[in-house]
Every structure is written in C-alpha cells, then in structure tokens.
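For reference, the structure discussed in these notes is given below.
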Amino acid sequence: MSAATGTALFLSDENLGNLVAEIIAAGRRLVAPARDPQAAVGGSADYRYISSAAELAFGDSLPRMSLKGFFLPQSEVLFKWHRKGADVEIEAVPTEFPPQIVLGARPCDTAALEIVDQVMDWGLRDELWFGRRNATTIFNLSCPVEDASCFCHAVDLNPDATRAADGMLTPVPGGYLVESCTEKGAALVEGHKALFESGDTGAAAERSAAAAQYRAAARAKVAADLQIDTTRIKEWVGDHFDDEFWTALGPRCNGCAACASVCPTCHCFDIVDEPEGVGHGARRRNWDTCQTGVFTLHASGHNPRADQNSRFRQRVNHKFFIYPSRFGEVLCTGCGRCSRVCPEGQDLAEVLACIDELARA
Amino acid sequence: MKELRDLTRKLLADGDAGVVIGWEEGRRGARPAFITTPDDADKLIFDARCVHNLANYLNPRKPQVKALGKPAVVVKGCDAKAVAGLLREAQLTRDRVILIGVRCGGVVQTPEMPAELTEATVATRCYGCDVREPKLVDHLVGDARPEPPVTAALDRRIAELDALSPRERWQFWTSQLAKCTRCHACRQACPLCHCERCITDKTQPQWIESSSHLRGNFAWHLTRAQHLAGRCVGCGECERACPVGIPLSLINRKLQLVVKDLFDYTVTDDPEVPAPIGAYAVDDKQEFIE
Amino acid sequence: MAATDTPMKPDGFHPRITAFVCNWCTYTGADLAGTSRLQMASNVRIIRLPCTGRIDHMFIVKAFERGADGVIVSGCHPADCHYTAGNYHARRRFGVFRELMDFMGIDPQRVTFSWVSASEGAKWKDVVNETVARVAELGPFDAYHELAGDTVTGGEPAPGPFEAASGAETPDPLEELEVGR
Amino acid sequence: MARIGVFVCHCGENIARTVDCARVVEELKSHPGVVHSEDYKYMCSDPGQALVRKAIEENDLTGVVVCACSPHMHEKTFRGAAAKAGLNPFLCEMANIREHCSWIHEDRGEATDKAIDIGRTIIEKVKHNVPLETIRIPVTKRALVIGGGIAGIQAALDIADGGAEVVLVEKESSIGGHMSQLSETFPTLDCSQCILTPRMVEVLQHPRIKLHSYSELESLEGYIGNFKATIRKKARSVDEDLCNGCGDCQAACPSRKIPSEFDAGIGKRSAIYVPFPQAVPNIPVLDRVNCTRFKAKRKGIEKDVCGKCQEACLKGAIDYEQEDSFVTEDVGAVVVATGFQLYSIGRDQPAGLKGYGEYGYGDVPDVIDGMQFERLASASGPTGGEILRPSDGKPPKTVVFVQCVGSRDPEKGIPYCSKICCMYTAKHTMLYKHKVHDGKAIVFYMDIRAGGKGYDEFTRRAIEDDGAQYVRGRVSRIYRDGDVVKVWGFDTLSGEQVVVDADMVVLATAMRPQPGIAELAQKLSISYDEHGFINEAHPKLRPVETNTAGVFIAGACQAPRDIPESVAMASATAAKVLGLFSADELEREPTVALVNEQTCIGCFSCEQVCPYGAIEHVDVCDVEGHVCGVVARVNPGVCQGCGTCVAVCPSKSVELQGFTDEQIYAEINALGSW
C-alpha cells in the first residue's frame, strides 16, 4: 500500500478552494473534514457535507468520527410499509446514489471501507453499502499522525496508504501534491484539470521531495509507538478465550460503547421496525455494538455475555481473531480513536502490546 | 498520596476490601484503577486529573466489578453525592462499600489535561461545589485544597440559551442531537443510570425509538434528562463520555436549577434526604397549571 | 356554529390535540360537558387514564411524534385526587418536564396542564377551546412531526451523522454564543 | 391475530343526530383487525346486547368495542354482555362517542370524523387488552358509621339488625343530630323527639352496635373489606364507665349562662352538661372553653379553682386530667352520614360566601333562623314550647318568614335549592298559628317547592286552613325600628313594595355541609363538589356509593335532604353494606399494578409514591437459592389501580392492568392516523 500510482500534480491552496467550489457548483455532494461550529468539545474536525471551501479543516486533528457514517449511516430506512386493508404495500428505498466526493479522508478511514466490504459482500451483498461505495470518489489526505494512540503501521497500513482510495493529497508548501490511483480518481482530476499544475514544472521535484519527507516523518512517528505481530496476537486470542487477562481488563470498561461508535471498522447494526401510526411505519437499521448488554440478550433472559469482561473480550476477539480467521485480515486500521474517546482510559494499543507480550512469552 | 496508598494497603492486607477503586496513571492521563493486591497500592494517584466518578463502578449491575469482592472506592465530594443516590435508591447498602473520601479542590475537564487548574481548564461542575470535603465516608484522606479558579461558564451558557426564543433553542438542540448516534455512552457513564433494562431498550411498547434519527434522539434525551431530574449529581461524566460532543451538562444543570427553583432542592450527599421527584408538598408551585 | 365553532387559522389549519385525562375528575367533567350539551371545538382526542399520576412524560413525546400539534394533561384539583396524591406527584413531574421542553425548544404553549373536576364541565370546554385556539395560532408542529426526516423520495442518501437536519439553511442562533468549553 | 367486533350505538337520536353511524360502521370495518362492525338504535337494550353476544359467538371475537356513551355509564353493561357470550369481560371497551362527541359538536362531518377516531383509538387499545381475572379478598364484616344523626342511626340499626357489627362515631356528646332539635316534623306534624328517641335508645342497647360519642375519625387506612379506622375519643373530662348519668355535676356547676348549642343559642346551659335530657349516652361532657377551672388555668392561675362538679360526683367520674385517646377499629365498610349545618348569615362568612348583613341577623335580636324557631316552638325548648320573641319575651303578633335565605342565590355563593325550607316554613307558620291564634304569619317566597308525598297538601293547609299569608317576592332589608322589626319587601305579583312592621322575623337559611367535611373527605379519599357536599359515584344509578370502594354516603352530607330521604338513603347504604358483607370474599376489579420481577431493580420509586402502601419487598434468588436481590411486588388487595408507580418506574417494570403501556401506546399510535 505505498504511495499512489499515477502522475503527481500540484493543487495550490487557492485551487483547492476552487476545486471545492467547482464540485459544489456541479451539484455534487462533497465530504471533507470540517469544523462543527457548535461543537461542545473544542478542537476536532468532523467529516461533514460542506458547502464552501471556508469550512475545510485539513489542518485539524483526526476527525472525531470515522468516515463510515457516509456509507453505513447511523440510522437508515430499509423500507417503509403501508397497510391497506388486508394488503401490505412496501415502499422500497433506492440503492442507486448520486455521486459524492470525499476530500481529505484519513488513510485509516478509507482503508477500513475495503476491509468492511468483505463482510458486506459475505453471502449477501449489501446493496445500500455498495451503492454508496460505488457512488463515492475518495481522495485521502496523507496523514501527519495524530498522537501516541495511532498504530496503523502495526496493522499493515501506514500514514500515506491509499488502500480503497481513489487518490491522495499530500501537504507540501503552498498546497498539495495530488496523485490519483484509480480511474475514478483520474476522472475527478481530469474533470477539473485546469486547477492542477502538471508535474513537469521546475517546482515539481522540490515538491516531491517535500512530500517524501512529510511521509517519511509520519511513518517514523507512528512506527515509534507500537511494535506487534497481528498473527501472533490472532493465535493467542484464539487460544485464550478463558484467560484471566480478560478479567483484569474488563472492570474499567463501563460499556459505553463510544469506541464502537467512532471505530471505522465496527459495522454491526440492529434492524428495527418503527410504526408511525396504525398500519404504517419504517424498517430501519441502526448502528449497534457488542459492548452493550442487550446486544446478546436472549428472549429467555439468558445473556451469554453477561459482564463487561466478556464484552470487551468480544471486541478484541472479533477484530483480531474472528475477522482475520474468516477474511484474512484484522478488523482494525490503527486509527486509535477508541483509546482517545474512552472515558475510562481503556487503551487498545496498550492491550495489544500486552497480548503480544503474553503471546511471545 | 501516601496516606491513600497506606490505607489501600491496609484495607487489602486486612481483607476489609477485595478491591480498592481509585486512579492510576495511564497513557492518556489519569484513569480508573482496580487495586486488588497490597503490592499494587503504589499505583494509586490523586490529583486534579482524577475527574472520573468512580461511583459508577458501584452499580450493582456490574458483575465484573462485583466479582472482585467488597469494594473500597475513592470519592470526591461530587462522587459521594452519587453514592448517596445509589443508597437512596436501594442499589447499595452502606455496609457493602468502604468509602475513602478525598478532599478535592476541583478537577480539570478531561484526564488528559495537565493537572494545573486554570480558568480555562477547570471543569464546569466545580463551580459552586458545596462538598469539597465529602461527609459520606469511612476514611478521609488528603489535605484541604485551595478553591479552584471560578468559572460560571455553564450557568452563563444556560442563561444565554434561556434568552433565546423557543424556535432558536429548537435549532440549537436539533443541530446538537442530530449528531447523537445513540451509543448510550451517556447512560453507561452515569452513576445513577442503573436500570437492568433501560427504557430505551424496551421494545414493547417502544416509547423511545432506538433509531438515531432526531425523533428517536429527542425522545431519548428528553427522557434521560427527565429521569435524572432531581437525581443528577452534575458530575458531567455523560458529557465527557459522549463521542460526538453533545453538551449534555447544559440540560442536566438546567434541570438542577429548575428543581432548585420549584422544590428548593439541591442534590446532597446525605442519603436520608429524599429525592424531590417521588415526594411532594401540598403547596407545590403550580402556576403552570390552568 | 358547527364548523365555525372550531378555532382555526385563516389557512384552514385544524390543530390536532391529544388529551391525557384522569378517569375520576377530568374525564367525568368532560362527560358532564356532554350531558350539559356544551358545544366545543372538535379537535381534541381524549385518552383516559385512571389518574394523572399514571401519565408519563413519554405520552406527550409520543403524541407529538404521532402528529399532535398540542397536548392537554388534566386531572383532579389538589386534594381531590381519587387516589389521594397521584395529582401531586404528576404536578412535580410535569413542573419539571414543562421546563425541560421549554429548554429544548418545544414551545410549552403547546401543552396545557389543567385541573378540571368532575363538576367543571364548563371549565373543560374552556380548556379545550382555549388550547385549540392557542395551538391554532402557533401553527402545525411540523418541526416535531418531521424530525425523523426520512421521506424515501428522490434517491437522496439519508443524512450523514454530521449533517444537521435543520442546520444547513437556518442561521446558527448561537454563533455569537460561547458554546463549547 | 386480533378479531375485533365494533358495535355502534345510535342512542336513539342522541348519537345518530350528529354522528353518521353508518359511516362510522363502514370506516371501522376496514380498520386492521376488525372482523365485524354493525350499528343499532339502542345497543344497551336487550336486543342490542344480544347483537353483541351473537357476534362474539359467531365471529369468535377476541375483543369488543362499543361505540356509545361514557364507560362510566355502560362499561359494566357491555362487559357483562361479553362475559355472557364467553368472552373475558376485560376484552370489552367502550368508545365514548356520545358525551365526548355527539353531544358537544354540531357539525355532522366533524363529529363523524371524531367518532371514527375515537373508535380507532379504542380498537387499537383493545388489541392489547388481555383477559383479567377478578381478584378475591377477605371481608371484615363490621361497618363504621360516621355521624349519629337520623341517617347514621338508621344506617347503624339496619346494618346491625342485618347481623353485622357496627361502630358508630358521633362528634357530639350525644347522638340524635339535628332531628333531636326539631319540634314537630312535616308533613305529619308528629313530635320529632317522640319518633327519634326510641331509635337512639335502640342504638345504645343494640348488642352489635358500639358507640363512640364525642369522638371523631382520625384516619382511615386500608381498602374495601379491610379498613383500619383510628378514632379519636375527645377528652370528655368524665369517665364514661363510672358515670351513671345522675346529673348532680350539672346541677352543681356554677357557670350556667353559656348559650346552649342544642337550643341554637336561645337557651342556656352549664359548663358541664348533657345537651338535652334524652341524650344518648346520658353522660355529660365538660366544656373546657367555658369551665371556670380551665379558664383560670389558661389565665395562669396555678391554684385549682372551682371543682364543684368533681365534689358533687359521688362516683368520682370527673377527671380533669383526661386527654384525647385513640382506638382503632377494623371495619370492612364505611358509611358517611355527617349531615348538614345551617348557613350562618351573620357577618363572618367563609371564603366564597357573602352573608346577609342587610337582614340584621345577629344585630336585631328578633331576627332568628329556622332552627331557633324550632327551639322556641319545642316543648322541650327554653320557653317550654311557648312562642316568645327573644328581645322582650312577649308573644309576637306578626311574624315574617323569609324563604331562600342563601339558597338559590349565586350572587351570595349558594346557587342550589336547599329543598327543605319551603316545607319547614309552612310548618313554622302552622306551629305559630296553633300557638298564637291571633297571630299573623307572612311568608316571603320565590316559589313554593313542595314535591313529595303529602307535601303540597301540607303547604296548602298552612295557607288555606291556618291563614298564612304568602307574598311572592324577595326581602331587601330588615332593621329594627323601635319595638318593631321593619321588613322591606317587594310583591312581584302585585308589583308593589311591601313594608311590614313585624314582631319577629324567621329566616329560612340554606343547608350547607358540616364544617370539616373536606378534611374528612380527604381522609376517606372521596371527592366532594364545589359546595362541599360529598360526590356520589353516579347521580342516578349509584346514589349512595362513592368513588372509593367500600365508602357509602347517607343523608344531607351528599346534598340537602329531608328526614324521609335521609332515612331512605341510610337504609340503602345498609343494603349496600350488608350486600358487601354477604360473601366471605370480595370480588374486585383486576385493574391493579403488576411488577415485572425480571427487570425490576428494586429502586422502590414505586413504594415512595404509592398512596396505599401496596408495594412489598420480595427477595429474588438465583438458581441455587441464594438471595441475589430485592424487587418490588404489588399487593393486589391493597392496590387501587392509580398507576402512579408505573409513571415513576424508570425502566417501566411495573404495569397497570387495563391501562398498560402497550394499551396507551396503541391509543396514541392510533391517533397517528388522523
């Protein structure tokens, strides 16, 4: 997953603004890291639908939530029903979506989409997920690496990965180096080619060097944090379901599930029927998470995961044993959001380091 | 600190407590610690970064904590109010817990912040705190600390919201609640949300839609606030836990002010004082009733 | 009278009012209004409960969700509760809930709380007519009814997690305010 | 799947006039779950009920919705019909399209739309109704009667004669009530005491009646069949067991100028006294307010003053140190018979009433009220039955009687008719004429309301045989002018102003409930109207019951009543009480709360708000039998079904049968289809 293929072009800061304006003027929806003007917790940007370049916040820290909500909305209608006498009429939702563009996605968020693609196409193809996937063109922002909770390199990614992306922007003085790596990405550049400076100019080499330096610095920063072997971890987790390790970790967790909310790869959903009157209503799917007690509560009242120890174990199990066992790769891109958001200081990187050490011993 | 660690060692060594729940140093600042052997007592810390309300771990529906044995919990003044709430609501009996009170001079907003209290970093809940030294305790440790810098930011924001028209408030709250993903971290983080089955998880009938559209979110947040009216201790853990940054403390604090105004009630760490909802006075205010 | 008896805005808006009333006082008072043939607006649908003590704030929320433009909660006067104290408990809860609604931007004028005794058929009529007139003035409560905002038309994707349903076009009322720590 | 039957009643024209019943039938027929829908002119009639029964049997209905009148009117009727057809009665509900629809709207379209909505709402509710079984609770076959006037006496005797025990509580020192003060009674003019006192003695001697005189109800706990009454026995200063009623104390008492309440203030009594010679029990009470000894104590004089009664009592029954004492009585039913007071027309008035200062009552000694006239006319009264006016003791030659003083006057705060005044005024004119043969009786009246057996004949006799002069009109002013009382009135028939120089004026003042009735009603959890009269459960069909099961009402505490009516009501309550006591177990509606012990967390918010103490604590055990928690449980015998526990339960782990969250949700949901 190294740097993008294709020719590197230069997009000045000014032209980034123009690109945004042109995309919006063309009536396409544009997602980018932007500030929430009303955020209670200051600082961080979120991926938002934006309406002008002024909202862009590329320089901000990692968006608080991952990109997944634009593909698996936190709540979406699957269909509506209307009962007419003895008949029930089903109003389907469209699975074709108008094109949308994401600018400035973090590589860990974009890569997560392709990882989740596997389960979304497992036996039954999730039309809503893939409808949105196909309609979306994503340009990553080469990541400066947030803080010590980042560990993408430990799960076979890196800050400048372009997995699942259609292109990438790398910050260089005065603008961004732009590389497209898919036809969709190339088409986007082509559609606005007047805004991009070609790579033949004299400044190109300087910019390439700056970009390379930027990327190398980021890689070095993230590599300093966590050194683990996910294969070793997978084996240990698979073999140590009843290990005391889990009971030592669980008590701190209060089951708030904020980790699952912000996680780019957590994709569980619950399906509910919500009546809106007599004989009509909507079937919706909503984000759900294994961190809550009701997730596994049986109708009988029995709960196979009766305490938070087993729920936290499940989270690690699913990401580092179950998913790789079935799909060949871990369900984690090392974004570190779960550690940052945890109100009780639970730290996945630390947990993985502990497991790795146990596994090595 | 030494006092706390020595006490912890003693409680564990004498078998009085199975676990001492306090704070330790984590990679991202202070975090809850579960000390089960005397040898680990030195892990414990207490400073202004110890924002967590550890009363949450006394919720009887946390079997993983129960399994560690009789708990001794380090409580600040605001945490003691939550313990009083659990006692009041029969979720705990006094003989089942050891309370180690710490004298507190305010905490910062998040455990990752530096421990220095400034007007910019002090948690909003510390404004007007009336229990710097908890009374509902078995042991009291630490020295008295100076009053933290004053910040009435929360009350000021409430006053600003109150000054708006209902339509403007509606716009504010719809934009806030639109973010809610219904992860219910606010509930899990709340020491007084202790139901076995939360009302939002009840499906027959489904009073509160579990979908995170605004309709479900309004029903949830109205209900969460209403259920906490007169019970909320203002520890702010809900807001801190919220992954999308909804300013829940505004709502909780507003209702604290309402309850004070209507029933002259302020939440207390005295478990014998009944909560205002569930009690009544014949001459309660009723100007709003035609 | 008839149709003109129903308070209505010039644009023909007939508010929908859901009333939650106690069995012993207000329901019986409404019965008395009937036996006294007191003509009143036809906009109110009554749901009978044994006591105001039984009335949960979620009834009000659900009524709004289901299209009500206004709500009436009514029961026995203080000291008259058939069950001694149900109305006192309700008074406390709704005293708080009313403030909560107001704070969250739900205009409290949409909810009438009243005491109507079994002998107050005429008062019930007044409560009905005044509530209907007041809510008619406020207009339909579409803001609440359309909260779910998921009309399945036009192929638009459901709003993303950070796309405020109403935030886009409306000016931000708190722009000037310091919201955030 | 629900199979609901809908039955739309025309109620003759009452519903059909404004509601298009055919359209209601059609619309509801297509509502999901409805398999049968029809209308009929009188659904509550026998053929109407037969339609319901037939439909249940033929269509195998799982629920019945009767769109008709208020459930308060006919819920029992239709639930009974459903039960006869084998359907659990609690699967039948009423949609009120009469009181709440057809009677209050005139626009046919609007009323029909609303009726359909009301029907839908109840249909949706019924889909979530579940069969409920009647609750059986034990009954204590003992009744508490509050008030020892004629109504209370009659109720007590009838119940006791029926075989049940009775506890009779009277706040005065003697039973007898107002009737014992009357001279003669209409329309027969027989002596009141002659017919009453034997009944009083019968009470005292009845083996199954326990009398607590000079006592009041302190509190009442429990529920139908199982009340616990706490009775305050007020300090009488006389040991009831020792006293033999000899009267020596009364004779020895030096304070003899105290206005006698029994004589309506016209006669005097001593500080220790029995109110009248035929008192039951014949045990005196010491009036501590007026007793010299107690007055001195209150003034701070430490030395014991007086003590003459104690000296006089050979039985040593006088006990100055006596204090209020309390007894508790287990009873299964309560009869309230607290009677009335006369509207006091003096200057001091309770809130909401204005008084009649312009009539000079309290200022002009010869302006008296009806009860005072009774005492003047009574052979046992202060004048020995001679009619003598209070100012100078002369027989008055012209007496003006004014009716409707306070009654039927919304301006003064009492809009209702006191009902008995027309009759007793006529009686007064006759008593007067029989004693002062050359006297002139002039009556100012608004209407003469003499409905009742022999009543109209009675008033005619007063006018035609005894020459009472009836002037139709109101009196504007009464004042003293030298030796006479000037009465300014207006004759609306002749259109002339009338001024009468009267020797005495008798005001027929309104009947009001007894003071303290509101407090008593609150103790009993029963309701009262704006005037303080106790509300009956239904004005026509349940006139002696209240909305609190097991509490009944008799006499003038419910509304102005004369003696025959009071007695009839009293006997009716006795029939109700004896009916209640006829079985060892009582059947109760199962609309009570029920805890889901699986989700209950034992926070006991429910216990805090339960007005009946119906919440119990129950241990829950794990599979090995170890106690692992405590949850709430509702005692179905104690629960009255208010549902306050449901509203305060944070996790909704308690349900109120008949008004479950599912049912209410369904009703609100149904309104989403407007």
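So that you can tell them apart, the chains are marked A, B, C and D in the order they are listed, and the count of residues begins at 1 in each.
Basically, contacts are C-beta pairs under 8 Å (C-beta built on N, C-alpha and C of every residue); 3 or more make two chains touch, one makes a residue touch a chain.
Keep in mind the model is a prediction, meaning the values are calculated, not measured.
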Comparing A-B with B-D, the one with more C-beta contacts is A-B
Centre to centre, using CA atoms, which chain is the farthest one from chain C? A
What is the distance in Å between the mean C-alpha positions of chain A and chain B? 31
Which integer distance in Å separates the CA centroid of chain B from that of chain D? 52
Averaging only over C-alpha atoms, locate the centres of chain A and chain C and give their separation in whole Å. 42
Between chain A and chain D, centroid-to-centroid distance (C-alpha), Å: 73
Residues of chain C touching 2+ other chains? 56, 62, 65-67, 79, 85, 89, 93, 148, 150, 159, 161-163, 172, 174, 179-181
Quick one: which residues in chain B touch 2 or more of the other chains? 172, 175, 179, 181, 197, 199, 206-207, 211, 213, 216, 244, 247, 277-279
Touching two or more other chains in chain A are residues 36, 38-41, 65, 69, 74-75, 276-277, 284
Of all residues in chain B, those that touch chain C in their complex: 109, 124, 153, 156-157, 160-162, 164, 166-175, 178-179, 181, 199, 207-208, 211, 213-216, 218-219, 221-223, 225-226, 229-230, 244, 247, 251, 254-255, 258-259, 262-263, 276-282, 284-286, 288-290
Sort out for me which residues of chain D touch chain A in the complex. 30-32, 120, 124, 598, 669-670, 672-673
Given the complex with chain D, which residues does chain C contribute to the contact? 1-3, 5-6, 16, 18, 24-25, 27-28, 30-31, 33-35, 37-40, 42, 45-51, 53-56, 59, 62-63, 65-68, 76, 79-86, 89-90, 93, 117-119, 125
Residue positions on chain B within touch of chain D in the complex are 60-61, 89-91, 194-199, 202, 204-207, 227, 274, 277-279
Which positions of chain C touch chain B when the two form their complex? 56-58, 61-62, 65, 78-79, 85, 88-89, 91-108, 112-115, 127, 130, 143-144, 147-150, 159, 161-167, 170, 172-174, 177-181
